[in-house]
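Listed next: structures, encoded as structure tokens.
Paired with chain B in one complex and with chain C in the other, chain A is shared by the two complexes that follow.
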Partner chain A sequence: MASRLGRGTLGRFVMVRLAATVVLLLALSFVVFALLYLAPGDPARNLLGPRNPSPELLAAIRAEYHLDDPFVTQYVRWIGDVVRGDLGTSIRSEIAVTSLLADRVVLTAELAIMAFVITLVVAVPLGVRAAWRAGSVFDRTVSLASIVGVGAPSYAVGLLLLYLLGVRFQLFPVYGIGDGGLDQLWHLVLPAVTLAIGIGALVFKLTRTAVLGELEQDYVAFARARGLSEGAVRRLVLRNALIPVVTSGGLVFAFLFGGTILVEVTFALPGIGGLLAGSVTFKDIPVVQAITLLTATVIALTALAVDIVTYTIDPRVRARGLR
Partner chain B sequence: MTRHVTLSRRTLLQGTGASTLLMLIAAACGDDTDSAGGDTDATSSGGTGEVKEIDTLTVAFPSSMSNLYPGKEAGIVNYYVAALVLEGLVAPDGTGKLVPAVAESFEQTSPTTYVYTIRSDAKFSDGSAVTADDIVYSVGLSKDENVSPNTAYYWANVQGAEKTGDNQVTITLASPDVAFEWGPCAANAMWITKQSFVDANNGDIGTPDALLLGTGPYKVTSFQPDSGVELERVDTWWGGTAPVKTVKIQFIPEESTRLLARQSGDIDIAVSISLDQAEQWAGTEATEVLFAADRSYVGIDFNTAVEPFDDIHVRRAIGFACNREAFVEKLLGGHGEVATALTTPAQIESVLGADGAREKLRAVIGDVTYDLAKAKDALAQSKVPDGFSVKVGVSSSAPQVSSAFQALAQDLATIGITVEVEEMPVEQWYDTIGSPDWGLAYMWYFNTTGDPAELSSWFLNEGNPASYANDEVAATLAKAKEETDPAKRIDLVLEAQTTALAELPYVPLWWGEAAVAIADTYEIEDFGSYTLLSPWTPRIITKG
Partner chain C sequence: MTARRQLTPVVAAIPLVIVAVFAAASNWLAPDARVQDILTGVTPPGTAGHLFGTDTNGRDIAQLAIAGARTAVVGPVVIALGSMCIGLVLGTVAGYLGGAVDLALSKYADLLLALPTTLIALVVAGLVDGGYWVTVAVLVVLFSPTDIRMVRGAVISQSTRPYVESAKALGLGRVRIMFRHIVPNVLPVAFTTMLLNVAFALVAVSALSFLGLGVGPGEPDWGRQLSDARDLLGRNWAAAVVPGVLIIVTAAAINLLGDWAQERFERRGSGR
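Showing the complex of A and B:
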């Protein structure tokens, strides 16, 4: 086993995938840069708002951020700085992008991880149980609830939760991040639940379908015919059903990390989602680039992690080898 | 031609207790409470409310801040925070008249020379006294387009500031401009700080690490961009000690969440609440809503260099189709006023009073009132008698403007003009202002000063968004720049506007109001147009 995980197969696979990720990020950064460059609006003008800007002042601001340079020059300068570890300075706030992102990334990651854990801890067991008792009242009730969960916009769910649990019963704080530490985690519970509801409903459906699919397989009938205990059958089924669930788990995390915008705005959380929304319309290129690249990196690395996990839990993949 | 503005130091220094502070504010506002915003719904307590110490006041802002220094980021909320921490040489009183702040008096000794005398008891929150050098340095900071891109333009006409005495600074202009008086004001373009403080932070100011150092009643203890600011009262303010010990400012961008936060009692005050939801706020338990004119102007701009808007008959056709009364009544719920000029009433009320101001402003627009028959006639006289199609870009942050254009489009459709309303992010809307691609556009402008010529000096001079040029108008405005008598100056500014609006490059639609929701255990004394632009927590009193 150890040798299989070594350089020959998995190690090489990881290296190739990382190289592909770098190429992907480069391409993505170029596309995003180009789109922002072409989008209507002028950052210098945005900085001054609707007032009478003197041509000299606009020119000075444009010069400071090299906004008048040709597109390629701007892109090459940006990429050169990134390679040297400098993500640049936000045009809107004049704060270095790295320090602008530092706290926000932690917050968004905490939110995404908490929502991820809630999703898995609640949706997967529910899915398994519903599949096991397919057609029962339990199954139909949870399935119906999941349809509502998938359909409800997170903005509406968030406000409903806020009203019920924040205002009506005063169980949770209504907005913001509190005083840091545990208080911050406490403030993230409702937003995380809001995020988890929509995606959890999907994970529930997926788990239920996967387990049901396995239950219909011939090997289950054989196992039962051979007199294997119900517990042993369940372990077999779960292990096989786990593969699509794990694969989707990676996508779920990537989705959560990149999909916090509405929840962050609703709950007044200073994460990267809210920052991205404001930065795109402002054409704050350094900030938008940093956030899209960060999100893309998280998604790429999560996908890689999922493949490694699949490799370890699926003997078929191990036997076939990674490509 | 020497004018001298001063405030008796005895009045100011009778003590440092909070009750004295109220007297002080009453003194600073003058006793003319009538003119503090004509249609302010806020009730004045007349100083009968009891001043109690408030431990923590939680205030929710609708938008976040990424920098605390308004020279860098000049959102209206940046000014509200700065008003508690930083000061200028002068500050607006409740009616929009400039009164001394860190300067105890100022004198205009020639058309281009202003001499400020610094009060001897002005101190920074670190305990050090304010010196003339600090003032000279702070002027330089506001003038520097790298440090203060948002205020540099205001100082373009300033040649320099120099120390002319131990506690005296003289500011010299390149050419006369009475509007300059609003320059060294924390409600507009100057915030006094100290060079050693800025240097110690490597030139940064207003960032989470650098914060601010000022002379106001509070200091910043923490700042998390996009989350909140916390302020702590100091005992170094020359005006005394504020009754609120800690001010917690939270940024809650989602209006519904802000409303829920008020319902749960988490916040005491919400500023700039959306007019659409004012009724919901008013219906919230233990909450009151106060309205006051906010000196904003909303109006149509025609680019007169673009066809068919180069034709005055086309402009008049659209002007006659604007049902401004209905806009104010139906779209703003009555919380606004039909605009008849570029100047807003709150900018001239301190001189003319509420009624006098409106009477003068009403005459500016001339005969352009809602009349579709006249609109049809005007179009018939134009070079496009059969009508035309045009699109207008409206910021998605301006739903009332969008509704107004939809309503206007319906009326214009009856005479053959098709208007297509295109909603866009606010940043994209900036690009439509004065652009040849958008012959029909609009302006939503927040006047930062109480200067009557603020908007017209942009809209009627060279480089204006309507590409409008009229030598007579420019000459009148130039005269207004040098006129030091406030009433005569208003007459000149309005004369220029009257001449210009006869050609209708702009159609004023309405002057806006801002609303604040507040827990009914508190009240804001004399809440008006300028309240949140000078130290405002001393105006908050506990009821009963």
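Showing the complex of A and C:
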């Protein structure tokens, strides 16, 4: 009975959240399109570079890219194409945006996943340990480091690491992505560590606060009074404390995606972020739209996944129901 | 423990005062920051007359870093102040009035929060390319949703307090209750958020100039200095290390101060 009820509610929960996500993405796509539509600068002129084009040539290019149509027509055509999987053609390279992205998305995903794993493996245990020993030298040291880490911009940290570990001690490759496979992963270690520092500091803080919050709960005092072993108490605390850590996953992912731009530029990696930085300066609007929308989709879907996971693992959220 | 808590703001303030002096007196401290000497080009630290050497254009790294403090500090302070003004007005209105206004403002904040700030800032500032102040304006807008949310939450928790009830009973107008009575009580929290926002804005502004947006080419700026230094790592390490350390230390000092303020205000708040 309880499980059937649970599953039915979960189904409804997923449907409602999915619908909300679709609405959010549509709204975002409209904003993204409007922003780029309103942006000053003429993509047709950018395409031709410094040459002084004839009006006929400009008109021909405008017609080819539908730059003269009314706003709503352009938006509807664009969103229709997007839904069919056609993201248009890059104005700069004249390559289909989808294949341009396909070449680079793997690298960015590898970088983001590697940074994510490093963050979880390092920051969560440190946060738990710091909370167990709140006020100790260990706690104070790591907490101070996390305050520095939260504010440290990846491009500055990246260059410092690049100088120290790449140029000075030559432990890591300096630029590029290597020859694929393991070598590529090896080239991504330093960028991933750079990316992980800021977000790791955040996850550390979050974990520490969550565990400390749980340790103050009555059930901990009760469990200790009942004579449960310290190990058993800690297992209880951890199970509860990790809920907010899991739910912050969406935030972590948003951070990682925003962060890849700077890290990819710092380390000259040919990923999505580097492509975006280049496309913005060139006003390569189809590419910018596609990447912005792709990022928004990844983040929205992650948030959705996090909500569903929270809903399944946290009975309190389930009890509150749909809100 | 108390002594240590008193020590934190002092330690954090030292680098901030230094950077503020750099920013205020850069014309006087670093008169030659813009002087180029292409014939000399890159020189390593310790070269005669150049403590930290020079960059590709022969500009003195130390002077550039001192002069770069201005764009690093002024913009972020403006961003934090500006977005908090928006946050205080819209957040108070949303929190106190509730209903449709609240819903609309919250959805607006959600929409802006759905994308990473760096990404939108890059896209908007890049497409508008109007220089430093346009970038600052874009960031004011992008920073406002967190402020709106924070103020909204604080206002909601204030609205149930007895003093608001008595103001209502006295028949005071809504605007007067909101801005004369509730807002002053929200200010301590707003101040902490603003402090932390300065650090985030510093990182964001420098990030955009690192990507080649915002500050004009040739202008002294930490982010731009770092981006120029990428190709100099083997020839002049100080070109990257000096502005890099400055950004990291400044951001860390502000965060430390913000963290300390937060702890103080929260403790005071919960004591009541």
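Definition applied: the second predicted complex is superposed on the first by the 306 of 323 C-alpha atoms of A that agree within 3 Å, B and C clash if a C-alpha of one lies under 4 Å from a C-alpha of the other, contacts with A are read in each partner's own complex, and residues count from 1 in each chain.
By our rule, a residue touches a chain if its C-beta (ideal position, glycine included) is under 8 Å from a C-beta of that chain, and two chains touch if they have at least 3 such contacts.
As the structure is a computational prediction, the values presented were derived from the model and not from experiment.
Taken together through their common chain A, the two structures put chain B and chain C in a clash.
Once the two complexes are laid over each other on the shared chain, residue contacts for A:Lys283 go to chain B and to chain C alike. Contact with chain B, but none with chain C, is seen for A:Ile95 once the two complexes are overlaid on the shared chain.
Of the two partner chains, chain C is the only one touched by A:Leu35; chain B is not.
Of the two partner chains, chain B and chain C are each touched by A:Val265.
Applying the stated contact rule after C-alpha superposition, one finds that A:Val150 touches chain C and leaves chain B untouched. Within the superposed three-chain model, A:Leu159 lies in touch with chain B and with chain C [touch as defined at top].
Contacts of A:Glu64 after superposition on the shared chain: chain B is touched, whereas chain C is not.
Chain B runs into chain C after superposition on chain A, and of the options 38-46, 92-100 or 200-208 the stretch responsible is 38-46. Annotation: chain A residues 40-41, 159, 162-163, 166-167, 174, 265-266, 268, 281, 283 touch chain B in one complex and chain C in the other. Listed in rising order, the residues of chain C touching chain A in the complex are 110-111, 114-120, 122-124, 126-129, 199-200, 203, 206-207, 210-213, 223, 226-227, 229-230, 233-234, 237, 240-241, 243-245, 247-248, 251-252, 254-256, 259. Remark: chain A residues 24, 27-28, 31-32, 35-36, 39-41, 147-148, 150-153, 155-157, 159-160, 162-163, 166-168, 174, 254-255, 257-259, 261-262, 265-266, 268, 276-277, 280-281, 283, 288, 292, 295-296, 299-300 touch chain C in the complex. Within the complex formed with chain A, the residues of chain B that make contact are 64, 66-67, 72-74, 145-146, 149-150, 152-153, 156, 207-208, 224-228, 250-254, 256-258, 260-261, 263-264, 266, 425-428, 430-431, 433, 443-445, 457-458, 463. Chain contact summary for the complex, chain A toward chain B: residues 40-42, 45-55, 57, 60-61, 64, 90, 92-95, 100, 103-104, 159, 162-163, 166-167, 170, 173-177, 265-270, 274-275, 278, 281-283.
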